[in-house]
């Protein structure tokens, strides 16, 4: 089921964060985590009914038609864009780190 | 000034003024401390002893005062010590890094003292208690070693927090911060807890075993006037708290019928005895005269604890009398050492000698002070120790009695060592030309204190009478005194008679001294050793390592408390370093792991 | 004046600042000053963005609690900006956005909007910390911050799935009133707790702090250590007050985490020999204390505690970081005698430190005593003991710090502080002292805060 | 070994979360929401407490939520994109930029095809933006599509650079325009971001698209340039 899949994605993201030392892979893991989270948000609004439709309806239909929850969809759009923002910053930091240490591996950068 | 509030405000404001004046001219600022502490002492003594202090508060909203004999007793005593010591300030001010701040902190501590003794509210008491802690804290590092003040702060704050816990516990049980009613209302197990916490605070402030570690360090390494303040004044805050805990709080816990004493009090007496023994033993082996007196201060704190824990009228009045006697004697002794230190820049016995020739008055002051500290008649220390012995023997506490006697004998052993080393013996060449007697202003307090040492030893009646009124206030049977005698259970003491006998003895000895042939003065090089003449002026000091054989007996055992506290500090540091190493890496997976772990723990509790 | 202007004006000028590059630093200075001024004119109450009812729209609430938060954050921000703005000209728009984000954090009454502002504030913080030229630490901060906010988002979505509401106060009321089995909401609350815990520097989620504050400069140190710390503490307090309902197991876990944060934080500070590390670990412990005070329900004094700590820490971080920038080392031995040549700075620093330690005549004493008395009367003696033990350790290393800074005969470092820094330090120190003696202001704040317990539902 | 342990730990945690959520009586099962009890019902029926005119309510409820009911979130989101794009510029920006040399040469087919594709994508993006009121996701996908059409040009031609400053200008103007629209609402109706005229929502949608496109193009350009040596 989709809920399980989303939790699985979150867990995979966490697993990636636990095991990876490569900067790029860490960013990817974060993205996996965020995607799982986004799917989780979407599943929260899903309505498993024959007559439930996507929330694009005219004003006249509003009282009569059953739609799935539109709010999580709106939230997820915001969450996606925010994820893009952090990923962009993360990647540019990765580039900075590569310029400084010539490696993407956190272990090889050494503790200061 | 008869109003406590005005006195407090006056002291605070003059502290600021002394600071501002001190910025321009440090010496004038420090002279202000003499005037202000003199006014404070005079007001407290004059109005307090006539019970005319005004306790009404109109400008300070959260503070309230009460005039009790106990407060006046401590207030007069400690402000007197501040007043006496302040005469030294102008002569030491040049040595300090922060001259103006010294005067400010000095008066701030004095203000705190007034607040502590005269408030009737525990929270206000704590406020002033902490004020004194930090204002005195910054006085210490003006001396020899800066790190010492950290130890002082650690122990002091440990004590204050014990006091605070006692206050909070009492307040949560009884709903009041009022000292008298609160201490009376708290009962049962809570009373025991309050008792223990208060005593921890008292021990920490008094420097009693096992919280003594800071005291010798602080007394040794702070500037000389500050040492006197600590020994004669601030240490007595601990005694004040001890009186609150031991006397004002109705005792509780297991009662030992055989000893006619509570178990808790017995334990305290034992701890006091350990303090006496520890202080004595450590004092014997010191080379530094200040350090020696520091340990003696510690052992005298033990006497106060023992005396107060007895609970009998002889014990408590002995304890209170000892507070006075020791305050006067130790202030005088430290001031004398301070005067020597100012002229010679050292307090090491192995580096000094023959100061008698140049500083005879200081010598006399020191002599009288140590006679009192050793508890030899006709000085004040004798009276208090006599009372304490009476109390201990009446209770039949053999171990404690042994400890107190050991302390007395021990103090014979050690207090005369600085006398011999510093003042007697050969005059050292490097001091021959330069050294003079201390300035007259510094001699004033020393002489006054010496006279008081004698007066308290010869004619204790007035003070004991006041202590008797204090005992009434504390609901304790009064001591049986007449004009010239003190009646104890094992006999009657007539201090004046003893003093006359003593004077007679001294007189006879003096007659013998002058009637016999004069001894020849020998220069340092006018001697020989191992059949060789001496060509360099070396100090041949018999008081260095004098007690080495005795020291060897206990040498291995003396450091265990020091080791304990240092191990404690290291443990804290280790825990910190460990966590720092394992959590504070720059690897994100550690935090991820912990986040997952915390979630798992909650879910585990949820699901199982 | 509408409270939304506190967010909109900085945003607008941040966007403009990209076009008008030259003017950006002046925008920054003016707008942060405007924000401080504006606080005097805005009226308390709640507004809903777009004019909907508070149930549906995004509600911004200004009560005395958030007003104190705003005052603290905006004033501190303005001070830091005034000292730094011409040193980091390129950062001006980002600083403006971070100001908007922080104000949004304090004002918003909507769970998801809070997430958005967390990210705005967070991303600008990541960017601001790149000025320390240590991308590795910033990256660590970014990863942990993102994980934290992801968990926060997860928690809020679960709450939304359960109750269908995002308004914090309404949600809190529903949970308080409807839910009988509090364990059912423990999981989302734990997620939210973790999310905010990362930002508030609670152990063990806070490993980013060492890289960020341990290598801070005169901008990032005060900003992250004082402004961000206070803002997130205020947010945490807000949520703990209006939203959180603790089940027994959750309260146990949270208490253990907080007690560990406090004690271990102090132990770590004690173990450090670097001045910046001492400050950062001690601020971890203080964050723990602030959150603990809120979690136990002593909201009013908790608020004042955070505000006071914010100001005190500003002084500490500012003074230390400026010194470190000039001496090029943050070892305690290298900075020994720092105040010998800077007595005024030293006096201010000492006052701030003594106030943090809770010593009288400074405001910290009053706050600490009130918190402890409240705890003892509840009665929660265990936590009293924890706080006292922490204060003991804290006192020892801070006094060691002070003694080291004040007393050094041989070679005191020569550090130059600008007049602005001296002035600010002294003013704050003076205020701390005045409020420590003249108790009316603090008491009146306390009673005003007590009055706003009621929920502001409709603007 | 460490990886296996981490794997087991992660999976256990996932199973625990799922079990906890499915055992939770408050958390509804998948496909069984009760959003008609919560705030979503107001958005669906457009009874949200304001004075809603029919003309102001878009057909796509998600768009309505994004730009109207929760327009403040969207402003925040625009801000995040904005700050991260100037952040990337701050981190990677150089004094005299030049294109990074990719180590493959686009062949003829790619360069021609991508140019053709560019037109289609660009126009589709604009189309989506213009119909944001009815299409899913509002104008975000439109903005993103415009940005990706320009990304295609970057990939197909290794010397191509857009005039980034124009995009930057557009991005800034769009973002400040968003705030301005909000302030206009504040000025006219007393409510920030008030939706009192159909024009408001259209403007916001277009501004979002410009901002998204500008932001993403800026990010791409910063990643694909380096210091000229």
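Quick notes on this structure:
Chains here go by letter, A, B, C and D, matching the order in which they are written, and residues are numbered from 1 within each.
Rule of thumb we're sticking to: a residue touches a chain if its C-beta (ideal position, glycine included) is under 8 Å from a C-beta of that chain, and two chains touch if they have at least 3 such contacts.
This one's a predicted model, so the numbers in the text were calculated from it and none came from an experiment.
Looking at chain A and chain D, the chains in contact with each of them are B, C. Comparing chain C-alpha centroids with the centroid of the full set of protein C-alpha atoms picks out C as the closest.
Chain pair with the larger contact count among B-D and C-D is C-D, by C-beta pairs in contact. One simple way to say how far apart two chains are is to compare their mean CA positions; for chain B and chain D this gives 73 Å. Averaging Cα coordinates per chain places chain C and chain D 31 Å apart. Per-chain CA centroids place chain A at a distance of 68 Å from chain B.
Our note on geometry: chain B versus chain C, Cα centroid distance of 43 Å, whole angstroms. Chain C has residues 112, 116, 119, 123, 126-127, 130, 136, 143, 147, 158, 160-161, 187 in contact with two or more other chains.
Contact of a single residue of chain A with at least two other chains is seen at positions 10, 14, 17-19, 26, 44, 71, 75, 78, 82, 85-86, 89, 93, 96, 106.
Multi-chain contact residues of chain D, defined as those touching 2 or more other chains: 9-10, 13, 17, 20-21, 33, 35, 38-40, 43, 70, 73, 76-77, 80, 83-84, 87, 91. Interchain contacts join each chain to each other chain, per the touch definition above.
On the chain C side of its complex with chain D, the touching residues are 2, 4-5, 8, 11-12, 14-16, 18-19, 47-53, 55-58, 90-91, 93-94, 97, 100-101, 104, 112-113, 116-117, 119-120, 123-124, 126-127, 130, 158, 160-167, 179, 181, 184-185, 187. Interface residues of chain B facing chain C in the complex, by the touch rule stated above, are 61-62, 97-98, 123, 126-128, 130-131, 133-134, 137-138, 141-142, 146-147, 149-150, 153-154, 157-158, 161, 164-165, 168-169, 171-172, 572-577, 579-580, 583-588, 590-592, 594-595, 598-599, 601-603, 605-606. Partner chain A is touched in their complex by these residues of chain B: 585-589, 592-593, 596. Across the interface of their complex, chain C is touched by residues 17, 20-21, 24-28, 33-35, 37-40, 42-43, 48-51, 68-73, 75-77, 79-80, 82-84, 86-87, 90-91, 168-169, 171-173, 175-176, 179-180, 182-183, 185-186, 189-195 of chain D.
Residues 10, 17, 23, 26, 30, 33-34, 37, 40-41, 44, 71-72, 75, 78-79, 82, 85-86, 89-90, 93-94, 96-97, 100-101, 106, 109, 112 of chain A touch chain C in their complex.
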